[in-house]
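Paired with chain B in one complex and with chain C in the other, chain A is shared by the two complexes that follow.
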Partner chain A sequence: MRVLPSGGRMWVYVFVGLFLVFLPVFAGDAEISFGIDFMILALAAMALNIIVGQTGLTSFGHAAFYGVGAYSLILLISKVGIPFWLAIIISPFICAVLGAIIGRICLQLVSFYFALLTLAFAELIYIIIHRWYSLTGGDRGLATERIPDIISTPVPYYYLTLFLVTISIITIGFILNSAFGQSIQSVRENRLRAEFVGVNVKLNLLIAFVISSFFTGLAGALYAGNAHTAFPNYAGFMMSGQLLICVLLGGMFYFEGPIVGAFVYVILQTYLIPITEYWPFVFGILIVVIVLLMPGGITSFIRSKFLLFHAKKEKILNT
Partner chain B sequence: MNIEMALITLLVGLAQGMLFFVIAAGLSWVFSICNILNLSHGSMAMIGAFLCWTIISVAHSFWAGLIVSALGCACIGIFIEVILLRPIYRRDHIYQFILTFALIYIIQDVIKMIYGAEQTMIMKPSFLMGSVDLGGVMFPTYYFFVIGVGLLIFVLIHWFVSRTKWGRVIRALKVDRDMTSAFGVDVKLVLTGVFAFSCFLAALGAALISPLMAGHIGMDMFFLMIAFIVIIIGGIGSISGCLVGSLVYGVVNSFGIWFFGHWSIAIPYVLLVIVLMLRPCGLMGDPITE
Partner chain C sequence: MKILEVEKLSKHFGGIQAVWDVSFKVESGEISAVIGPNGAGKSTLFNLITGHLDCDAGSVIFREREITGLPPHKICRLGLGRSFQRTTVFDRFSVFQNVQSSVIAGKGKTISFFVPVKKQFSEIVFSQLEDVELADKADMLAAELSYGERRRLELAITLVNRPECLLLDEPTAGMSITETEYITMLLKKLAKSYSVSLMLVEHDLNVVFNIAEKIRVMYQGRLLREGTPDEIREDEEVKRIYIGN
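Up next is the complex of A and B:
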């Protein structure tokens, strides 16, 4: 897997970047809020893919970090009373600490058991958020009025999101392309052999888990900042499922896969809700079709059908 | 007073555990034999609960409701297995996860289309209405009935797997699918049968729960979570482990509600985390080999 773009892909990135930068110029509020949702989901899916695509482990519980990121932002602003700008920097670090604790315990286990233990922790966190009325407000959610005026309208918040998400995704790209990235990929390919050549498997996986929870938390905090509220279902099982679906729809073995997946997911959600009351039904059927007909995700499908030349070239490079 | 209270709590826990055993046994089977992580198991149980309600309100017979809803769900299971799961048996677990996850969405919405957002409640059959006197403590007959049914199902499954020819085939399948196929067993057919049976059990369990718990949209996630916790605590793939897991879950949960009240909902997950950390393979499971 090559991470940093080159040649034709570079132009795609530049084009998408420019498009996102100039979107607010010609788009209405609906498209801007769509753009914000898309970028936040893309970041969260990207962070999850550090675990799923790179280390080969499956986390069913990443919504926990998303939810904790969202709640810590709102709590820091409303209860502790620190300004928004500081809160959005601190909340991902809270998630990273939580990720270190949960990851330390979960990584004792492998494969299927790892996945289920993350799920159990996520449910535990969901329950804590849901039941701790005095702190989190339970079902009613938690709101704050103290978002600075300058970013309480969609366009400035759009640029804030664009800025943070772009930086995060570039950072993730560099991390995955570094020696560290190579070593966690070696764990995915063959854990035993990686151990034999001297890779500290557990430590590397833990670091990957912490990085992943950091960026998931940032995505959650950004979402809460946009909505001015946080609800328990941000940390729920359905949220974890959504993130995994984005990763798989897009294709987990491609760097840009989660971004494509998040884009398709948000489009489907945005345009299906007004059309039919039963959008989850249509949505479920679409997912089934994609899983059965495009096993490698949309990215792999597009590449093999339309960018045949590139796909071939990469196959040669990868082998 | 406290001893009586403890006795009742224990019996309620055992009865609930038995109900969860009936639901979870199917999930455990499908995972260990079909090698599929079936996230739509709770949804199948939900279909069973709603189907049971419909049949009881039409036919006015509790037994007809139990049997027909379970058989109906088995048919739906066959349909799902043949159309959707066969193509992805050989793929990574994660694809099976996403496909069955999509089924949760689909089934939930289909139920919503048919029944709306209403809640369904089933009356207990008249002969199970009363209570049994246990030395001064009154205990509902229905719970004894449930415990009996659970034990019966456990014994039947155990007998089937260890004593019959098809049980032997299933044990062989679990070890080596290709080799079993090479010996002339129609593996596809057996897998379909196992999946259908798991849906049968899910629906039966949900139908048995129906008189105690109103059917509602969202009960699918409840069932799924419990079934997962139960089979992990017990050890995946072992039916006796599943029984032990569900009884432990039922009793711990029941005492948890007594002692912790508001926070009791977290207890199963704490239990799960503790078991997974101390013994990842579950109480009765085979040790993990990497």
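Up next is the complex of A and C:
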């Protein structure tokens, strides 16, 4: 997988970056909150794709880390009493520790069984959040008033999100492009061969899982910080499914795939909800159509069109 | 000097004794072959030595160090490589990346973040690819190579970290006569220039008698004979197993 952008792709990144930086200048509150949702979802999907696209394993339980990230932030602020700025840094680390524990157990198994075990752990965590009234407030959720004034309006929070998400995505890019990144991809390509060239497969996968949990947790914390609340459904199965859909829609074998997937997901959701209350139904059909028409995801579709265009141009030039 | 010592190794699957009380010693730099009819326990023996399977009893000593029970990646890093009966490479990696991944793992750099991997170790990788005559295909995907080329790529992957001992499971299986001759020549040449001990499982007896200095014959999980090619060729018991009464 080519991860670092070059040539034409670099310009796409620069353009998207500039667009996001200047969005609040010409957009209203609705677009800004749309932007925040998109960036957070993109980060979470990106983090999940470290597992799905890079190591070739499937996690059905990433919402656990998203939910724990969200609850950590709110609990740290409201019950422990530490400031938001510290809480947003600590929350992802809590998720990373949780990821190390869950990953250590799940990675005893492979493929399908691994996926089921992640689902089981996620449901376990969902139940704990849902039932532990004294700590989490159960299905009433948990709120905090103590978000600093400076980021309690949409525009500053938008820039905070943009800053953290950009740094995270660049970090993930570097990690995937390193010797470590290639090693976990080699496990995906052929686990047996990876083992017999000397890759410590379980350790490498565990590190990938921990990194993935960390960034998923950060996304969850950012979401809770924006909403000033956390609800059990952040850790529910629907959330895990939503992240997987973003990855599959965008294309799991492309670095920017989850970002594209998250963008399309948020667009569809935003425009479908006002039109019909049966939006999940329409949404489902649309996803089926997209997946059938573009089996490698939207990114693969766009790239192949783009390459075709280039090939045609070259052909014309050559004749 | 002894590089590999196998002592009283045994493994059973259910009621079948796949490997039974097998002991032998491999000299450093020796090219040897394990032969025997199907189901004689040759592949199981390889799997036991390389840590792919746990043995029921016995021990494996590599470079004067007990390696019984170690996980495969550790055994591999100690300098004991292997190839598989079914070609085992990284399909959606380029030829270059295939060998590069092996170097990364061999040097214990799989947990290095933040340094772009792109051209790392490219000198080592290219010199290895030249040795197996794949340098001009470095940018192709492994999946796009022909069968013989994939076999050579697997060889490059296992050889690039300069193992002291290499176990090859049927290196010429499924190859044409020309390809077989070519790979036999290549193995001989590389074994000499890298001074690596080769041990191969092979069905093609022409290859075995051409290349091996020492032959071990397995039959029903036991080590039946051990000797030079001439001794094995003349052995009545071996003839009986291969040709029948």
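Criterion: the second predicted complex is superposed on the first by the 307 of 319 C-alpha atoms of A that agree within 3 Å, B and C clash if a C-alpha of one lies under 4 Å from a C-alpha of the other, contacts with A are read in each partner's own complex, and residues count from 1 in each chain.
Quick note on the criterion: a residue touches a chain if its C-beta (ideal position, glycine included) is under 8 Å from a C-beta of that chain, and two chains touch if they have at least 3 such contacts.
Just so it is clear, the model here is predicted, and its values are computed rather than measured.
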Exercise. For A:Q269, is the partner it touches chain B (first), chain C (second), both, or none of the two (neither)?
Worked result: neither
Considering only touches as defined above, state whether A:F112 meets chain B (first), chain C (second), both or neither. first
First (chain B), second (chain C), both or neither touched by A:V52: first
First (chain B), second (chain C), both or neither: which does A:T166 touch? neither
Quick one: is A:I207 in contact with chain B, with chain C, with both, or with neither? Answer first, second, both or neither. second
Max touched-residue count on chain A (chain B vs chain C) belongs to chain B
Legend entry - Which superposed partner A:R131 touches (first chain B, second chain C, both, neither): first
Tell me the contact category for A:Q185 with respect to chain B and chain C: first, second, both or neither. second
Residues on chain A touched by both chain B and chain C 192
Chain A residues touching chain C in their complex are 4, 174-175, 177-183, 185-186, 189-190, 192-201, 203-204, 207
Chain C residues touching chain A in their complex are 50, 52, 71-74, 76-77, 81-82, 84, 88-93, 97, 100-102, 104-106, 108-118, 120, 157-158, 161
In their shared complex, chain B is touched by residues of chain A numbered 52, 58, 105, 108-110, 112-113, 116-117, 119-121, 123-124, 127-128, 131, 191-192, 237, 241, 244-245, 248, 252, 278, 280-281, 283-285, 287-288, 291-292, 295
Seen from chain B, its contact residues with chain A in the complex are 37, 84, 87-88, 91, 93-95, 97-99, 101-106, 108-110, 112-113, 221, 225, 228-229, 232, 236, 262-263, 265-266, 269-270, 272-273, 276-277, 280-281, 288, 290
